[in-house]
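One chain, chain A, links the two complexes that follow: it is found with chain B in the first and with chain C in the second.
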Partner chain A sequence: MTATSMRVSRSPRGSRGRPATKRRREVRRNITAYGFLCGALICFAFFSWYPMVWEVVLSFQQTNFVDPPIWVGLENFVTVFQDAAFGPAWKNTVMFTVLALIFGYGVPFVIALVLNELRHARAYLRFVVYLPVMLPPAVGVLLFQWFYEPEYGLFNQILGFFRLPALDWLNSTDTALVSLVIVSTWMNLGTGTLIYLAALQTIPGELYEAAELDGAGIFKRIWHVTIPQTKLILLVMLLLQIVATMQVFIEPYLLTGGGPENSTVSVVYLMYQYAFNFGNINGGNALGVMLMIVLMVFSAIYLRVSREDKS
Partner chain B sequence: MSNLTVIPESPRQPGGSGAPAPAAARPARARRTPRKIHQEFRTVVSPHQLNSRHGRVIYWIVLVAVVVSFTAAFVFPLYWMVTGAMKTTEDLVQIPPTFLPPQFTLDAYAEAWELMDLSLLLGNTALYAGGAWLFTLAIDVTAAYALSKLRPVLGKLVLALMLATLMIPPMVIMLPAYLTVKDLPLLGWDLLNTPWAIWLPAAANGFNIFLLKRFFDSIPRELLEAAEIDGAGPVRILWSIVIPVSRPILGVVSILTVVAVWRDFVWPLLVLTDSEKMSVSIGIASLSSQMPQNVLIASLVIASLPTIAVFFLFQRHIMAGLTAGSLKG
Partner chain C sequence: MTRSGYRRTAGLLLATALGLTASACGSGDEPAQNNARPTAGGSAAAGPVSITVNCMPPKTNKAQRATFQEDLDAFQKLNPNIKIEKATDAFPCYEPRTFEAKLAGGQLETVFYVNFPNVGRLMESGQAADLTPYVDELKTFKDYNASIDIFKKDGKIYGLPTDGYGMGLVYNRDVFTKAGLDPSNPPKTWAEVQAAAKKIAALGPGYVGFGEYSGNNVGGWHFTASLYGRGGDVLTPDGKKAAFNTPEGQAVLENLKQMRWTDNSMGSKLYIDWPSLMKAMAGGKMGMMLGAPDVLIGLRNDFQAKFENYQITALPEAKALFNGGAGYMINPKATPEQIRAGLKWIEYEFLTPGKGQLDYVRAKGADLTVGQPYPDLYGADTPSGQEVLKLRSENANVDPAQFALWVEGSKGIPPKAEPGPYAQEIYAILDTPMSAVLTRQDADVAKLLSDAEAKVNALLEKKG
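Here is the complex of A and B:
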């Protein structure tokens, strides 16, 4: 394919030139191309490709970066598996993902459906829903830390205003994880909403008219027109969101430190702790490999889905 | 609020059908605008239903409910943040809290600027974001151009390898990436606490390559061939033809890059540990527990101003970038 397109593009001169000059031109084109590519190749090699391979290698080694590394087989995996926080970390990560899906997956779609019907204040609403996404995550998280303050924090004040009992938010094992989900959802809701809104606007209006002529009510139209028409983007967003939320780190890091009683420790947070608090970077890598395998399953499905989209 | 607008301009009026008297009040305009909206897109609710008396009441109730709840959910926390920083520490712990700060003062902002050395932190962050922007443009544009238009041997493989990095979530490889930056393989350089640790990894962005290449692919071949016949080399073609026609996508990539570096937390947390080198997010987070509440909140406001300003200015680019990858990718 490369060869044909080149021949076509070079035809004005190529027809004159002998094979030898053509070949030389080909070589020169390749040299130029790789000259252009070398910056990217170096960056990708150092900061993407090499770390990917090294991640796996390190998880089977014991290293202190002074002596040569020792191969230890599955020992790192056994170490992290026996850690008391290992079970909670996975359980919390899955729980966080499930809760974040309940709030953060369906709700944006409903919001987008409603926004799409409105004919006023559209620009304002779109702007406002995306505003928290633009805040640096550290700002959003620290802001909510203040809102969650048990005595004078905003949330307990609001609960008090409605004569509801105050909650312990981040300090109780019952509510800590949900509190993190609320922050995360608040910060990320806008992305899904705007993507769905864009998808809804591509649905041809005739489909709704046809459904209406067939006597379908509003909910039937949503069920039989809107959802089938946006099925693909819904599926893609589901997978993207699972991959994104399973990497939860900043919320437990800044708000709870994994506590109380490991009720908010996440896999990535535990990974960070292994590397920077427990001085066992290989254990962290073993956790990373486990998470990588899980997430790559979702990534592979995502790839398949978006391929089908094109064909 | 609804009363003001309800009567004259009912939404998407389809021409004559049941359009009530408002035409008398503002004849030409009131009729033409709704009709245009109607033609542009039809949604789940039919225009007929919407314009029935029943439908219109529901429409306005929903609209008001949505506007109020969105303002409460997304604007009020920000209002609370901005005014919270204007309260004194005593005002902040007052129960019930005051809706407006008792006296208008910017002392906490000034204090935050001093205590947390925000000018240094913001300057650092601007340096990281600006450099990352330059490197990303220089490296990713040339790479995407080579892959799209020069099509070298093994180009497809290189592209596949670059796009494959999108499948590996960044958090998962953060530890080996950190070790790489700490002791660069073959060269042995320690990039920790240098801007390079932010700039170079930012350029290794498969999504940018994907966006740029897809746009370059759509540039008509004839345009480049014409230049080639005129004797322009690849560099000249890139600089004088490809880049000028690619302004929209360059805008999207630029804003995505700058905003991503500005908002990033985990990577700078790992590689910028020296308090002199920290980015604004890391700096504030590391000092957060030692600061009085109002000073901390003031610093949060200051830290979020740049990204909010960027959002105000480049809303369209940002939303274009948001939908570009997900809808067609």
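Here is the complex of A and C:
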């Protein structure tokens, strides 16, 4: 048998065997990675995906967790849709999101810009800015309850010092929602600032030097260098913030109880009311599914943006 | 990852999710092994039975926890066939956020605590066992007063009240004295309440004449209490329509609006949950609030108030008293044997004069308060009622004068229960008019009530 014929005769066996060996080798090489992946997948499956799927199932059912559940189609959705608080809840949630973007999106970026320019005490100020994030949210919210106290609260004391009229803060339908936005902005300021700061520090210094040589002032440098260079992170943060702020709950729950006159009822707060106070967990799930669909749109945009970033 | 790679991953995830869902659905559909529903006259096979109970006092409350543990041991010694496997001490005893998860997961205790506002909902949704075939086995059951009615639905009994009281007017004697008011002669009419509140607020910054709730459903709850007191009702007798848009309902809101904006006697702080008003009252600068006698004990035990300063009197001009309190229900998945054992525990720990919570000799020795006029569970002329009153007065260690005006003034005023199974939804709707009159000077009471009425009617129509 010639060498050629031997190669030919071994060829079919080799074509089956080689990829299998290669696959085994790849599996062996990646076994640790698969192990870690399994852990993460199991955690996600049980604590994220399973509750999400279960939430969708429950939103189409009527159950008391004793008798077999009854499939009721869209009845739970109709029930929550017809609730008098449904409209205000969505309106407040959208308003809160918009206001939180105006304050909570711009302010951390400006602070990051200032911190990036500082030459002294940068680490100290970074710590100070991040400090509120380290407080448990409930503690931060309750701190503001004192600040907003109508008679002796810090904010009205400050207004009084400048001879300005006191505000009703949480006690007025005009100011309650904005007051919650201020709390939320303060609590989340640190994370946004640090992310922006990290992005700013990746911008090559030469770009600023070139801009300066071209006679660009500070605002032109921000507009023509900083923003284009951080465009992607700005977009991602925008989307993440929309997703996070639309789920506002702890601020109305602890500070206003949804009032005055439903002016701070949010979708998640209403969901909580349905699930735990009204004893209608299926209605709460229907609201959750509605919110999930809205948030999925923003999440899809986020995924697309981050994929474009990678490519 | 390639497109087909994404598809494969997505397929895998979907399959995992559906698999999990299917298994979850399965577990939800399958009756638990001990899901035997009680049947009339269900046989009680004599044999060991295990139950679990909740509402054990927390470790921070050493005295009450010790007496509870003592009772657990004594009860099991007395009933060798009954084993109390577990007594949970989670606080609050009824936690709506975990109730259904525990029920679904088979973790709900056999005997569980429930406060009155949630009783109707649990009965309506079938989340409590029917106790009708078993209650006559209890010695004290026939002595119950009207407080048992809250646990009745369609002629069946779903629980037993273990704590019950009517509403009144809680006030601070010290603040009254400072304001030049006679603490031994507190207001008897709403006009007198208004006048007293005005005097108290005039004491200076921080003083609040009258405090009231306005959010998180407690605003609606207190609107109901005031409305009942004035002779009004939240729902029509058949429970199908709202009935609060009446002169009585208007009077409740107009009175608050006047005190808040004309007299400026209610302060500017909003009290949106139960502890917030209690804290303010305990602070010693608030004159009056609506509350039941348990508020005084709560102020002493949980809010470190100067107990001797507080007193309760009858609800002004009361035509009916909103019935507050709590009780115990049994897990709907319990077997008939477990139901019987659970009822025995409830009777031993909460309903037997001289035992458990009604062991006033022991309570006095353990420095717990004795002498407050609750729980008010039994008819005054029944054997249990008379024995409880006798033991209570013999061992009283609180000044009876703190409750005397309430006891005297509340005599003969009929109790009135929560407004049906959708009470919490209705309270949430009624929070709006309450918060409106306390935050807006131009609040239109008639419009607020008619808006709330339309919302409640829509809710009731939907619920059928």
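Assume the second predicted complex is superposed on the first by the 266 of 311 C-alpha atoms of A that agree within 3 Å, B and C clash if a C-alpha of one lies under 4 Å from a C-alpha of the other, contacts with A are read in each partner's own complex, and residues count from 1 in each chain.
Keep in mind that, in the parts below, a contact is a pair of C-beta atoms (placed from the backbone, for glycine too) under 8 Å apart; a residue touches a chain by one contact, two chains touch by 3 or more.
These numbers come from a predicted model, not from an experiment.
Looking at the shared chain after the overlay, A:281 reaches both chain B and chain C.
In the superposed model, A:233 makes contact with chain B only, not with chain C.
Within the superposed three-chain arrangement, the count of touched residues of chain A is higher for B, of the candidates chain B and chain C.
Once the two complexes are overlaid on the shared chain, A:67 sits against chain C while remaining clear of chain B.
Legend: residue contacts after superposition of the two complexes on their common chain; A:223 is shown touching neither chain B nor chain C.
When the shared chain is aligned, chain C comes close enough to touch A:273, but chain B does not. Applying the stated contact rule after C-alpha superposition, one finds that A:257 touches chain C and leaves chain B untouched. Once the two complexes are overlaid on the shared chain, A:172 sits against chain C while remaining clear of chain B. In the superposition on chain A, contact is made by A:54 with both chain B and chain C. Across the two superposed structures, the residue set of chain A contacted by chain B and also by chain C is 41, 46, 49-50, 52, 54, 65, 151-152, 281. Residues 5, 11-12, 37, 41-46, 49, 59, 62-63, 66-67, 70-71, 73-75, 77-78, 80-81, 84, 92-97, 138-140, 142-143, 145-147, 150-153, 155, 158, 161-162, 165, 167-181, 183-185, 200-201, 203-204, 206, 209, 221, 224-225, 228-229, 233-235, 238, 259, 262-263, 265-266, 280-282, 284-285, 288, 293, 296-297, 300, 303-304, 307-308, 310-311, 315, 318-319, 322-323, 326-327, 329 of chain B are the ones that touch chain A when the two sit in their complex.
Chain contact summary for the complex, chain A toward chain C: residues 41, 45-46, 49-50, 52-54, 57, 63-69, 79, 82-85, 149-152, 168, 170-173, 255-262, 273, 276-279, 281.
Against chain B, in their complex, chain A makes its touches with residues 2, 5-6, 9, 12, 29-30, 32-34, 36-37, 39-41, 43-44, 46-52, 54-55, 58, 65, 113-121, 124-132, 134-139, 142-143, 145-147, 151-152, 154, 157, 160-161, 186, 191, 194-195, 198-202, 205-206, 208-209, 212, 218, 221-222, 225-226, 233, 236-237, 240, 243-244, 246-247, 249-250, 254, 268, 271-272, 275, 281, 284-285, 288, 291-292, 295-296, 299-300, 302-303, 306.
Within the complex formed with chain A, the chain C residues making contact are 13, 16-18, 20-21, 24-25, 28-29, 35, 96-97, 100, 103-104, 118, 121-122, 125-127, 205-206, 214-217, 219, 267-270, 272-273, 332-333, 422, 424-425, 428-429, 431-432, 435-436, 438-440, 455, 458-459, 462.
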